[in-house]
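Chain lettering (A, B, C and D) follows the sequence in which the chains are written, and residue indices restart at 1 in each chain.
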């Protein structure tokens, strides 16, 4: 008799294929689920493979549009960036993937979900917090944290042997000496030879972006139009070509950014689990959007609102990184940030060239920029004398501080 | 009889030359003071000009070394960046310049200081808050905020006429259609044709950095060594050349960054005075250091310390931008940030190429990075099972939240 | 011919009566405006006085209900408290009063508004920022900042003489040796003999609260019911008496708090203007509400939401204190805080006794408190083993830190 | 053969006595350790009991002085308060107790430490994080999280039976229907009948403070003198009696606060573990100090320094509550807070009466309070006109915001 049904996040690769078979061995019915979030993948082959390995049911789900609209767009609004550098391409995909997994589990009456994430990483947390938040009674089977599993499969060799024994197709090309995670927003690379933080990344690592040295010798100039803090249109200024649905906009920015080698970073970051790890990321479209949004936001948003929103954005990035997308605090912060974006509207022109994004200019019907007020040539509705009082009052405190120090200095 | 002595921050240009003469007309003795903070300038010519215009005394002060060590270095430690983009090259120079002006005023027994900053900008505030903080009894003469002055000199034409009448040498080359401010750290450009935020900056604007399109087609690779959060050595990896005094290090990074077009930004920012202004900046060496320091800091500093330090850095940047370098809060924050940098030590390798800085690798005797702990191939002193408990406990709150919402949903 | 019309915030006292006449002397038509925000005042007498002194029109406006609902309630939601102690009773009244003044000015076609606030205080700022925010073209006449006025009226004696000369009724009772400001929320006392921060306040100072030593010897027990973070009902548990409109609720809490001497503080605070001042406040009802709201909020709100909301509340209190109620940032923060209060609902029982508020118990249909989960006697849906993993993972970082320090210690 | 040596935090009560015997049964050598941190306890009896139960060694350690100086004092400097109400009396004792336990373990060559904290609480975390931070290789035995233990001892009855069987003296008085934790700083009460958050606490619960209704009918007036943010002397103003060592000062404040019923709170708080719990606390001396320190701090510290310090204090309180005293971030924050206290010096007079603390006045040689500057009667070195400019410049942003909204309103 079956122990119950598991919905397994299945990638088609060696690891999750072995997990699929192992779960069956353990007495579970297995439903596989593979999300299309923009990674390059042979989804048909994965489907057939899962079926041939005994999956009771196979789900291949195209989540690309909802990934962009419901997950990437709020991150753009938030200027979400972890530890000042990482644009959170992996983090933001996890709640999107896990949400559908839970929907399938509920719909199929499955009590269990399973995934192939390792026991040292962030992804296990992001997946599972989403699962617990949306389906509190769910049971999670994380084989890489179960001693019987991880003691049996100590190295890749063990997986290969198990695969051969159980009729799991074994990959013919050798594994890259690092691991990677790809989606519409980015590709991350870590582990293996990258674990030495001093070693430079190999030049042939990157799949989404061109090496800047090989990128075109002249820039492409784009105009991105925003409304409520999200892009609603991108136009190639010279070619006149434009895109105006979220998925098309983002894909086009990936193409442009990729062509010019935009968005590569090599960092050491702090995992939620408390250790430092080295990661290499390429986020072409996301990097362009980060810069363009920052520009239109500062152009249209009041200084003090922005200061508060910036603080909320830092918190949002941490929540996202740590896996708390579906938490009361993240829902609250998303609501607040969304509110802050009401007037973030207008057009930004920028060029992409040799790995870099250059903002060239911006315009907006809602800008707080007042050319006359700021002009050095026009006085406008501004009395320079007021500045004297402003400075004098701001100095009251500083002078008092000095006075007190002076008193003490002279006494001692 | 003289109304007293004024120490005038004198640039040698048309504006401050007119102010010099006007102050004399108004009955003051004028001492001029020109700080060398790395700008390209004919200091001798300025000296002679000031003398010929009747300055009682002329001070030309080389502040470059103290500018780097006492002002730029703390900003590097703080990762000081205003509104996520501006590296504060102008802001950080102001307290350095004004401090010496105050020293001269005290030493020369002058009750007054004067400057040529406009009444709409940030610099008047930065200068004057420094003056009031260090010399609370000082009187400040800011002609561009005095109606008799600014109503008399409405446009450049009025200054030119005044200059001719009073024997002030009139510039022969036409003024650029924008204003600029240069020092060792950066050049800023604003006003004039740049006031339209939509207009692209002219290609020939930049003086410190090469146009990335014209920059070399292969990168230079540098190694920067840090101790206590500041660079103590920079080495050109291929050429073996290195620099190890603060001024030499910074100048060399400027040279390298300038050659590769690094550090150009075009932004709209929020002035302290409450208006938005458009500024274009080039900060070659500062940009390289910002990235390198961020890398070594994250590599060596505990995650939670860094989170707190990051918040302090944001506050520091605001203080710096607003002119509060010499304030109790800024002294306090600098102390705290300095404390946080005790273990920020090690070497970062990076390449500069076509406007971009790429971090390549890093090493440190004090890193909290633990290759064995993080390795996917070694278990190390880490039990994956612990992660299950960690996640489950983190989920307690999320599940409770869901439970409550469910109760309410089912009731209504 | 008239210079134009001024709407003067008129209190009926000596100062603003003199200002009224002085404004007329200066050539303005004067409309007086007196807001009833709950202070004890003979409004009719003030009306007649203003008319007799030549006011073109006299407005007496009862703002008590809107003061409670639109200004005090959001402050309760925010747990607004300045510098950890001051409940902002004066600050919160200012935008309420100035808003109506601006409405009158617009409706009467007045270009000018005037007030009697001093030049060293916070209130001038709170009034005027509200005016500029709601009526940017307004001109403000602040006599206590106009040299011709304040040099003419150096002391109270000058005002008295002027009053006698111009037929202004002169107060017969001597002025208290301090100044006070009263409204529905609180009375503040400052200046005069209170300026010495060491002197104890005289026992007869307080008008709104009984001296705790003379307060009843047994407590009153109240139950306050909240919805969306604001009180909707207060019940005297023993007497069964209850109130359920905002104004009635707040007035009743004032009565109860006043009877028991609740809400007295004596503090030195930091003014926006940069100086420290000593203030004594009594806020009976507001203090009860502060404690009750804090209790129901922590009972019903998620921990992390509350942490973020707490930070926003601190910012809100500063904005309120500094006069920025009508600012984009304060509107934004009020929106966010209001959102956070959606589930802040339930009943709190408390007693008031001898100057203190004691929370006794609370209940809520929306509480995240789960008696079974937290019980020491029931295990509930909680596995204690999970805590081991939770702690171990939280310790990863701490152990790494120790390891590194140990390495260094052993090396040196 | 022994499995090794355990240092057990031993209270002398039923639970830890059973744990002692159980550990021996399990094959460990047991060293007991009982910290005197000011709780009322028969330490001799506990010593004898432990010996009679087979403890290999017994440590009774008087930590009271170091508890006050090294743990309570930094908390006073920080104004540490959790969720706006809880003064952290239990939290702050834990690292003090665990530190000595680790010292003993190291000195005795013990690999293991053990404690009787439950699996749902905060204390297990506070103990263990301290242990891991100070002795990373330590092994922790937490019986209440070990299934074999907690499944065997499901209720108190099981413990009683076990005790009888193993010659453990069984308590003769019935257990109170709640649990409590006492130390020099406070007593906390929770669990049992207190788990219903609506039930009022019984009147006879409190052991450290008198019921305010039964407290003296006249106040005691105290003067507390601070230096570097910590009290150095307390004087009873009328009686002239004073104390000047940390332990004496704190004990005397406990006595005074206790006599007047000061420092009782009844709250629901958020545990680190993610659940809400109800706790009742009495903190007599700590409450007096909290108020007195707040007063002298605001009196002597610059406004903006205090704002930053306040934020650090909130973070410090969270760290303390969550058990991170010995963490890099807490060490960093303590350092920063300590720095902020350099000028926090002077005397505060206050009265304690019927459960409340009233600040009466304060003086300091280092105050930034400037009576002349703030005086309404003296102009001092302050020009009221400056305030006009200050306000006008602060309004620039608000007027721009209004302008933009107006434009939009008129368009739509």
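Heads up, the rule we're going with is that a residue touches a chain if its C-beta (ideal position, glycine included) is under 8 Å from a C-beta of that chain, and two chains touch if they have at least 3 such contacts.
The chain lineup, named per UniProt: A, B, C, D = Argininosuccinate synthase.
The model shown is predicted, which means the values in this text are computed figures rather than measured ones.
**Q** Which of these, A-B, A-D or A-C, makes the same contacts as B-C in over half of the contact pairs?
**A** Checking each pair in A-B, A-D or A-C, only one repeats B-C, namely A-D.
**Q** If you tally contacting C-beta pairs, which pair wins, C-D or B-D?
**A** The comparison resolves to C-D.
**Q** How many angstrom lie between the centres of chain C and chain D, each centre taken as the mean Cα position?
**A** Spacing between the chain centres: roughly 31 Å.
**Q** From the C-alpha centre of chain B to that of chain D, how far is it in Å?
**A** 43
**Q** Two or more other chains in contact with one residue: find those residues in chain A.
**A** 273-275, 302-304, 307, 324, 327-328, 367-368, 370, 373, 382, 385, 387-388, 390, 392-397, 400-401, 403
**Q** Considering the complex alone, what residue numbers of chain C touch chain B?
**A** For chain C paired with chain B, touching residues are 302-304, 366-368, 370, 373, 382-383, 385-390, 392-394, 396-397, 400-401, 403-404, 408.
**Q** Please output the residues of chain D touching chain C within their complex, sorted ascending.
**A** That would be residues 79, 83-85, 118-120, 124-125, 128-129, 132-134, 136, 142, 144-145, 147, 150, 155, 179, 191-192, 195-201, 212-213, 217-219, 264-271, 273-278, 294-295, 298-299, 303, 306-307, 310, 314, 318, 324, 326-328, 349, 353-356, 358-363, 367-371, 373-377, 382, 384-385, 387-388, 390-392, 394-395, 397-399, 401-403 of chain D.
**Q** Show which residues of chain D lie in contact with chain B when the two form their complex.
**A** Residue list for chain D touching chain B: 273-275, 302, 304-305, 307-309, 311-312, 315, 324, 327-329, 332-333, 335-336, 339-340, 393-397, 400.
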